[in-house]
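In the two complexes below, chain A is the common chain; its partner is chain B in one and chain C in the other.
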Partner chain A sequence: MIAEPTVGRLASRTVRSWTADATTAPADAVLEVADLVLEIDTDRGPIRPVCGVSLTVPAGSTLGLVGESGCGKTLTCLAAADLLPSNVRAVRGEIRLLDMRRALDTGARCADDDRRRLAWRRRLAMVFQNPLAALNPVRTVGWQVMEAFRVRTGASRRAARIEALGLLERVGIPDPRSRMRAYPHELSGGMSQRVMIAMALAGNPRLLIADEATTALDVTVQAQIVDLMRELQAELDTAVLFVTHDLGLVAEVADTVAVMYAGTVVETGPTRVVFDRPAHPYTAGLLRCAPRLDRDVVRLDPIDGSVPAPTAERQGCAFAPRCPRASARCTTSAVSRQARGSAHVVACHHPMPT
Partner chain B sequence: MILRVTAIKLFRGLLTLLLVVTFVFVVLRLTGDPAEQLLPDDVDPLVLEHYRSVWGLDRPMHEQYLRYLASLARGDLGVSFRNALPASELIALRIPKTLELGITTFLVAVGLGVPLGIFAALHRDAWLDRFTMSFAVLGFSLPNFFLGIVLILGFSLHARWLPSSGHGTWQHMVMPVLTLATSFAGAIARFTRSSMLDVLGRDYLRTARSQGATRRRQVLLHALPNAAIPIVTIVGFSIGGMIGGAVVTENVFAWPGVGRLLTNAVADRDLAVVQAIVMLVAATMVTANLLVDIAYAWLDPRVRVGRGEGGR
Partner chain C sequence: MSDVGATGAAEALAPPVSTPRSGASAWWRRLQAMPPSVRGAALILVVAVVVAAGARWMAPFSYQETDLLHRLQVPLDVEAVAAGHWLGTDKLGRDVLSRLLVATQVSVALALLGTVIGAVLGTALGILAAHRGGWVDELVMMMVDWQAAMPFLIIALAMLAFLGNSLALFVLLMGIFGWETYARLARGLLLSAREHGYAVAVRSLGASPQRLYLRHLLPNVMSPLVVQLSLNFPQTILLETSLSFLGLGIQPPLTSLGQMLGEGRDFLLTAWWLAVLPGSVIFATTLSMSILGDWLRARLDPTQRPG
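Take a look at the complex of A and B:
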């Protein structure tokens, strides 16, 4: 875990990114997403699975993005990585990645030319949920790691081979020399995720996006992969956007956390602060329904109701229909974000009492 | 392990050949007496009798069959009733011409069909895709004889650019190759498109995209090796259709190949020649299937036999 002062330093950054006119990027933010709105056309009109997401991943630290499935976590990541499927349209928003910047408010999916687009993608790396499907079945492990390195750096085959061996060793693959010749179907899930991580690290990207990277794995393997990622993050000083629905994992790996609900970020702050003193009723509800071993709870306490369909142009708070603290104001007037202590920000009319 | 599997496949291939030979042998003899067909109607019955005994047609069928198999085992394909030349010699003369047509067609069809299919897949649902695919379906659906005749009408009779029949110069090749390759290329293009679309939607292509691979690299290095697996299958299976098409095409353009020899031999009830050609065709198909199997193992590590867990 990164020391407290770092979290303190992030504080102002996080708050600033909330403001709509964040025109100057903080020097040490690796990724900054501002007011991202994504739209998908369906038979029953357009829906907005992401409506106004803003988040910041500071250099060298881990941001945990949590939320239920369908809340827009993955789409936010794909937008950041410039990998949106063709049926998803960006309505507005701006994404900064290191020295590059993309405005998405033109309505076009990507106005950038190809060279810029490739340069963008080469600055970050993604690790996906299903490692076996994410690896090319007809290419050897070695080829794929080498390819990732060569695409990002333009290195020669020989240099890539040496690098690939080093990477495979670094992610804890035993006997990397012979594993280079193995095909994905010959690997276990944990091994293939290690290979994916090796591929992601090839070329030293400054940002690693891990989208439910451990969800498909067995619990024991999951713990190993999480440990590996933490180790590597500390060693390489890469910023990580760690996406998961698992609160326990977030508590373990993230320095800061952003909680998403129905396409918006409802609360963000240093992990310990958010977990200890959640300000948004949704966060509080999520924490209540997570099973804990250190307390004698007879029954888990689920949140009533279900996530609203992202169809209508929303007025007020998306969580209002399920919120125990909701008032009439919550369904009519848009929620503004309010700071609550350093770096802790909540979007709620009636935050939990401190 | 690999050897054993190959041996089994070879054995199965030989068995298929034997079945084909037997079937053709029986059917040809059930559908009429070749002696009566070949000799004039008013021939002396004694001549007929003599003819039958010379060619062994008076023996019981099982004996004829066994004799035939025995001679096959010696590599003797029989002798043409028509001009007393060994069938193998007649066919051997024609094979180069058919190969010339077949290989050119194959190259043209694959060279046209695969890029068109990839192109259509990359422009999915755009008018370019629809346009290409409409042509592919049209090409695929046009019968060979019809396309051949239309081409002759257009390029030989009307425009007088190309010779309508015969063999010798490259001009003679154009229309037969076009006729045969059109349907083949159409089938390959359609298959390539759907196979490519399937692969382009896979997670591992998203991985390649996420690394910042160029479009070209994504298609050629990441997608194509996967898409090639079903394409090879359809190409292999199309060889059967191509042989059938070649028979028709060779007749339309009076191409002096095996296909034309076959039609003549069937018309004449020249048993030995028909049997030999059918066997040749069957052998070609069996070989094509074997090659598809080998290509499969080469392209897809998941079906590679004899490769243990852990990639040793």
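Take a look at the complex of A and C:
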């Protein structure tokens, strides 16, 4: 399948599950996902919602992961966080998080792995789409932030309380002392998301995965949360994997961007480059159908057709049936990645002309 | 946020300076917020617990002391009151009030112990089944179905008949009674709670399964379990009384409400108080517990909690 040049070296090696070694980890990447393939068994046979995703989140920067609903963004995140639902099976792939490495091909789970699994999860933090559902309804907000800190660091109740107050203040919650005693149903959506971010930041994780973190919020609150996240990232030097289907948000937040389509990453590169000179016809199509204020466009230009069903094996490019530039070769032979300028990679036989 | 201050957990977290009101007055406010029926039920249960705790000191006579000259005296009768037997005496001249106090102690203690054992055992097995899944789950659920399909009275009779009647065995029986409802309930509730966003969020923090189940999920599914407890407690009292009534439970000279009821059965036409008095105590305590449990269920849900 498709493998990025930087991770091809890793994928070719034989590695055991859950190995931890600092020697081979390049200093610049916090998270590396290599050739991830996930499968779900259904009544009509297995489907592959993720087939061959590779991406890299460099230290201290933000990777924007964009794509339409059902393209595998969330499953990729859950795989990275080791939170895959039980009905999803990893076929192959490898994920590296800081100094830990995990091969996903075995699928076997042994009891010895439990400690490593917890250690893995403690290195990253997730901010979920629906903050109201992601908070425990019967515990106070303060208790939950304290708990997050205690799980990560094993700190005492007293230390956790001081830390929680500091975190709530840091994420911009007014009067954190009294808000500590509030229950989640007493908070607004924006306030809950701030609490979720406070929980995520507890114990200083090196990677923050924000899975549609602002989608459930209205636009003004969304802007506040995005500003907060950028501020905190600059302050704490945390790497962020920012998942969204909002192109405008990606342009604002991300340093680099990865565009997903039907379970694969079709294009990655620095945000400015990808947005100004998209190489993949899908990216170009997406950008064409986003409304813009700086140009006079009478009608938006949608992409014809619809997303293909995620069947197990497919030949050629998944976007070929909808692609205006497709040729006969696109439906038969698999696409490989080609570099196009520094750090700009596209998976297409006929990329857009520069 | 001042309305939050009314809850116990919030009180504990509150810094001393900004505590809105003192503990005592908050308790008083909560007492006044209770509906009259709940207040009455709570009062009866408090009396029952106090009686259960201090029966031996409160009883005017020893519950075993016979007085054949004053047999079958009528409660509140001039003659009985003069002899100090306010609630009359039984066929051996034993003081009914004293016996009633001790019987309440024995029955309430047994039911309490049995309910707690059953609840802890059942919930633990439910958690185990939900967490492990696979054959553990199937085994636990098979045991649940097996017990649910067997009338418990038959199991109890068989065990008591074969293994002999000892107090320890009897307590164990009380504990085994009803565990399956907790197990089934806890398993189902946890399986659905586990899929909620907050459960995934806690797992993403790197919390261990014990922490996830005991500190995060269990408090969320507590209210149905508490309701089940409140339903189970009266049933356990009734089971104890049924077995004692049949002569297989508490053995004389020790007494219990069921045993008193069983003895009083023979005198229903001549000495009504021997059956009616313990029967009334059984009725009052079980009803009170059910009313209180129902009220507790509403209180335990923070979204239903009134200001």
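Quick notes
One rule holds for everything that comes next: the second predicted complex is superposed on the first by the 322 of 354 C-alpha atoms of A that agree within 3 Å, B and C clash if a C-alpha of one lies under 4 Å from a C-alpha of the other, contacts with A are read in each partner's own complex, and residues count from 1 in each chain.
Note that in this section contacts are C-beta pairs under 8 Å (C-beta built on N, C-alpha and C of every residue); 3 or more make two chains touch, one makes a residue touch a chain.
Since we're looking at a predicted model, the values are computed, not measured.
After superposition on chain A, the partners chain B and chain C are seen to clash.
Once the two complexes are overlaid on the shared chain, A:Pro270 sits clear of chain B and of chain C alike.
Once chain A of one complex is fitted onto chain A of the other, the partner contacts of A:Gly72 are absent, as it touches neither chain B nor chain C. Applying the stated contact rule after C-alpha superposition, one finds that A:Pro137 touches each of chain B and chain C.
Judged by the touch definition given at the top, the superposed model places A:Arg177 against chain C, while chain B stays out of reach. Of the two partner chains placed by superposition, A:Pro351 touches none, neither chain B nor chain C. It is stretch 167-175 of chain C, out of 59-67, 77-85 or 167-175, that runs into chain B when the two complexes are superposed. On chain A, the surface touched by chain B in one complex and the surface touched by chain C in the other have residues 81, 83, 118-122, 125-126, 128, 130, 133-140, 147-148, 151-152, 178-179, 181-183, 185-186, 196, 199 in common. Contact residues on chain B toward chain A in their complex (touch as defined above): 202-204, 206-215, 217, 221-222, 225-226, 229, 299-302, 309-312.
The residues of chain A lying in touch with chain C in their complex are 81, 83, 118-122, 124-126, 128, 130, 133-140, 142-143, 147-148, 151-152, 177-183, 185-186, 196, 199.
The touching residues of chain A, when paired with chain B in their complex, are 81, 83, 114, 118-122, 125-126, 128, 130, 133-141, 147-148, 151-152, 178-179, 181-183, 185-186, 196, 199.
By the touch rule above, chain C contacts chain A in their complex via residues 1, 4-5, 9-10, 13-15, 18, 196-198, 200-208, 211, 215-216, 219-220, 222, 302-303.
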